[in-house]
Every structure is written in structure tokens, then in C-alpha cells.
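Since the structure comes first, as C-alpha cells, the remarks are kept for the end.
Here the chain labels run A, B, C, D, E and F in written order, and each chain numbers its own residues starting at 1.
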Amino acid sequence: MFPNKRVQSLVGRRIHVEMKGEKFVLEGVLASADDYLNLHLSGANEILNGERKRLLGSVILRGNNVVLINPLKE
Amino acid sequence: MFPNKRVQSLVGRRIHVEMKGEKFVLEGVLASADDYLNLHLSGANEILNGERKRLLGSVILRGNNVVLINPLKE
Amino acid sequence: MFPNKRVQSLVGRRIHVEMKGEKFVLEGVLASADDYLNLHLSGANEILNGERKRLLGSVILRGNNVVLINPLKE
Amino acid sequence: MFPNKRVQSLVGRRIHVEMKGEKFVLEGVLASADDYLNLHLSGANEILNGERKRLLGSVILRGNNVVLINPLKE
Amino acid sequence: MFPNKRVQSLVGRRIHVEMKGEKFVLEGVLASADDYLNLHLSGANEILNGERKRLLGSVILRGNNVVLINPLKE
Amino acid sequence: MFPNKRVQSLVGRRIHVEMKGEKFVLEGVLASADDYLNLHLSGANEILNGERKRLLGSVILRGNNVVLINPLKE
């Protein structure tokens, strides 16, 4: 399974996402993902030092600025 | 709904946008968005520490430099 | 009007452009723009703290490194 | 063999990956790779100063943020 | 004339190029340029504070990392 | 000769490559290169202050993170 299909298989699950630029980390439920790894998360939080820092709710993330995606254990 | 269509569904609403590079944050009304997440905002302000810092008015933002898009509550 | 067409509608007008990397800001007359937001400016100046810092004349700017485009009032 | 095919030939082997931004280094088994060098690693660890710092498990890495890929000796 | 054609019109002339990342500046004769603004310079020098710092000779520059291109007066 | 063909003409020769991010410099023999300037180097070393710092061996470099390619004299 190619990496982008692997991401799309995670729709509905909580994921951990690390974005480019000063370690900007988010967690939320993956609502949708396209082949460019543009991501739509619902119930997203910004995470700092492992703690929830900021409630963002519904966010769209630009794929080219995604560094790493990690499914969270449930 | 794919992430770029989700963004296009926000046309006419106020959004919060975080750009790449030193936490450059804007808020404004989404006038248009294409599939690359190039954005046209009207009545845009630059935001610093949650305060309006600079009135920009009509701005175009390059999609690949968009990190995060968040609809604002109205 | 999609964001790139909005930029092309500004040909012949003075624009303010913010580039990626250490807040590199330019102003000049938009001579041409393509769909990738590659820009050709004439009579361009680099701007620092709102002052003209360096006369550049004719410059080409690579679209993916453009963060923000703002038409200037005339 | 083109570079992306060379990467795909490493599927099933442990690789060392250096990502953009503050020397973010990972090691893991390459589960899949596409032509954009999007990578799916299993059993991935973040590496700091040559030591395993953080167990990440299954991760997807965005190709444009990959700087360097190096097969590990086994 | 679109920006990339404008660059191609400069083949054979000395140009000033500013690259992404810590103000990396080069000058040299433009030997070729494609539509992505990948550039081949001959007789290139790295420039620091307006002085020639390092003779590089023949160099290829990746278009997406080009910030600004400026023809030099002759 | 377009810049990417110029790079492909260097296959089999030692090249100097500067990557994006904190002046990450490598030298090695170019084993292959595609049109995106993805590079496969063999016998690669990381270079720091003109000295060989780290033997990397076979490495793949992502084209969009390549800043500059320079053939080495032999």
C-alpha cells in the first residue's frame, strides 16, 4: 500500500501530525486526506511537550508542510 | 469531502490562516480558494499574540506556504 | 475570480510582496504573473521597516517562495 | 536506476532518513515508497546524536520534506 | 512576457541570484534556464556583503530554491 | 542544454551538492539523476568546513531540497 493510501486508510482515527516549522504538532481525528496529503482534521488540538496547548477544532493542513503522520493508539 | 473542497466551502466566511515562517498569522474573509489552496482574503489583518497588528485589506496567499486553515466562529 | 487570476488582474499596478525567509519584502510594478505566481516586477525596491532599502529594478520572483501579495493604494 | 526506483528497491530494509527542519532523523523498516519519495516506515525511531530517542512505530513521511535516504547495513 | 520567458531571455548575460536559506547569493553568466527556473550558471561566484567570496565556476541551481533573479548591468 | 540535462551529463563524476537547511554539504560520485534533480550518490561524504565529516556511502537526495550542484575537478 503506497504511503498516501496508507494515510487515507486512517480516516476516522486519531492521528498525530508534525508540521514543518518550529515543531508544530497537532492531534485530531482524520476527516479526509487526498493524494497530496492535504489533511482535514476534526477536534484538533495543538500539542506542546506532550500536553494539549490549544483547541483548534476543524483544521485543514497543507500536505507539503506535513513532515510526519503517526496513527495514535486507541 | 476532500480537504481542498472543504476550504472552498468556506468562501464568504472569516478564516484564520497560519503561514510558513516565523508564525505569520492572518485572519480575513475568504474571497476565493483554488485546488492548490492559493487563497484570496478580503479585509485581512495580521494577528500577533491574538491581537490585530496590521491591516492588510485584500491579500493573496500562496498555497504551498499555508500551514493551517481554521474557520472562525461567527 | 481564482487567486492567481486576481494576481494577474494587478498587472501594471504597484504591489507589495512578502517572500519566504527572514521577512524579505519588495514593492514594485507588476509587469507579469503566471499561474504559479512567478512574478516579474519592474522598478522594484527592497523594503525594510517600511523604508526603501535597496533599489533592485527589474526582478523575477519564484512563485513558491511568495508568501503574500498585496496591491498598493495609488 | 533512477533515484526513486533505487529507494523503492530498499522496501523491506532498514533505512536512515533525514528530514527537513532542525535535523530530524529517523530510522525504520521501509514498508513502501512512491515516486515522490513519500515513505511509509514501520518500527520507526527518532534518532538524536546516534541514540534512539523516541519510538514512533508506523509513520508516514512526506516526500518533499525528505532530505536524505541512506540504507543501513544489516 | 511571462516571468520564466523573461528569465530565459537573459541567457548569456550576468545575473544576480538570491537563493533560499540564510541569504545565499550568487552571480554568474546564465548558461540555461528551464520553465521551472532551474538555472545553469557559468563563472559563478558566491557573494557576501557585495564582495566575491567563493569561486564556484559551473553550477546548477534548483528552481524552487531560487527566491529572486536580477539582471546585472553590463 | 537545460539544467537538468546538464546534471545528468555528470553521471559517473564526483559532484559537490549543497542541500537546504543549515548548510548541509555532500560530495560523492553521481550514480543517477532524474529530471526533478533527485540524486543518487555513491561513496558520499558529508563535508564540514571543507573537511570530510561523515562517511555516508550510498545516499538518495530529494531534488527539491537540493540548492546547488557543482562538478568537482578531477
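We adopt the following convention: a contact is a pair of C-beta atoms (placed from the backbone, for glycine too) under 8 Å apart; a residue touches a chain by one contact, two chains touch by 3 or more.
For clarity, every value in this text was computed on a predicted model and none was experimentally measured.
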- Hey, what chains does chain E share as contacts with chain F? none
- Item | Interface residue identity across copies chain B, chain C - same or different by half | different
- Task: Would you kindly say which chain has the C-alpha centre located farthest from the C-alpha centre of chain B?
- Result: F
- Item | Chain centre separation in whole Å, for chain D relative to chain B (CA means) | 32
- Separation of mean Cα positions, chain D and chain A [Å, integer]: 19
- Query: What residues in chain E touch two or more of the other chains?
  - Reply: 20-21, 64
- Query: Classify the inter-chain contact topology: is it line, ring, star, complete, or other?
  - Reply: ring
- Ring, read from chain B with chain C next in line, is B, C, E, F, D, A
- Tell me, which parts of chain D touch chain A in their complex? 19-22, 24, 26, 31-34, 38-40, 56-62, 64-65
- Note on the structure: Within the complex, chain E is touched by chain F residues 1-4, 6-7, 20-21, 23, 37, 63-64, 66-71
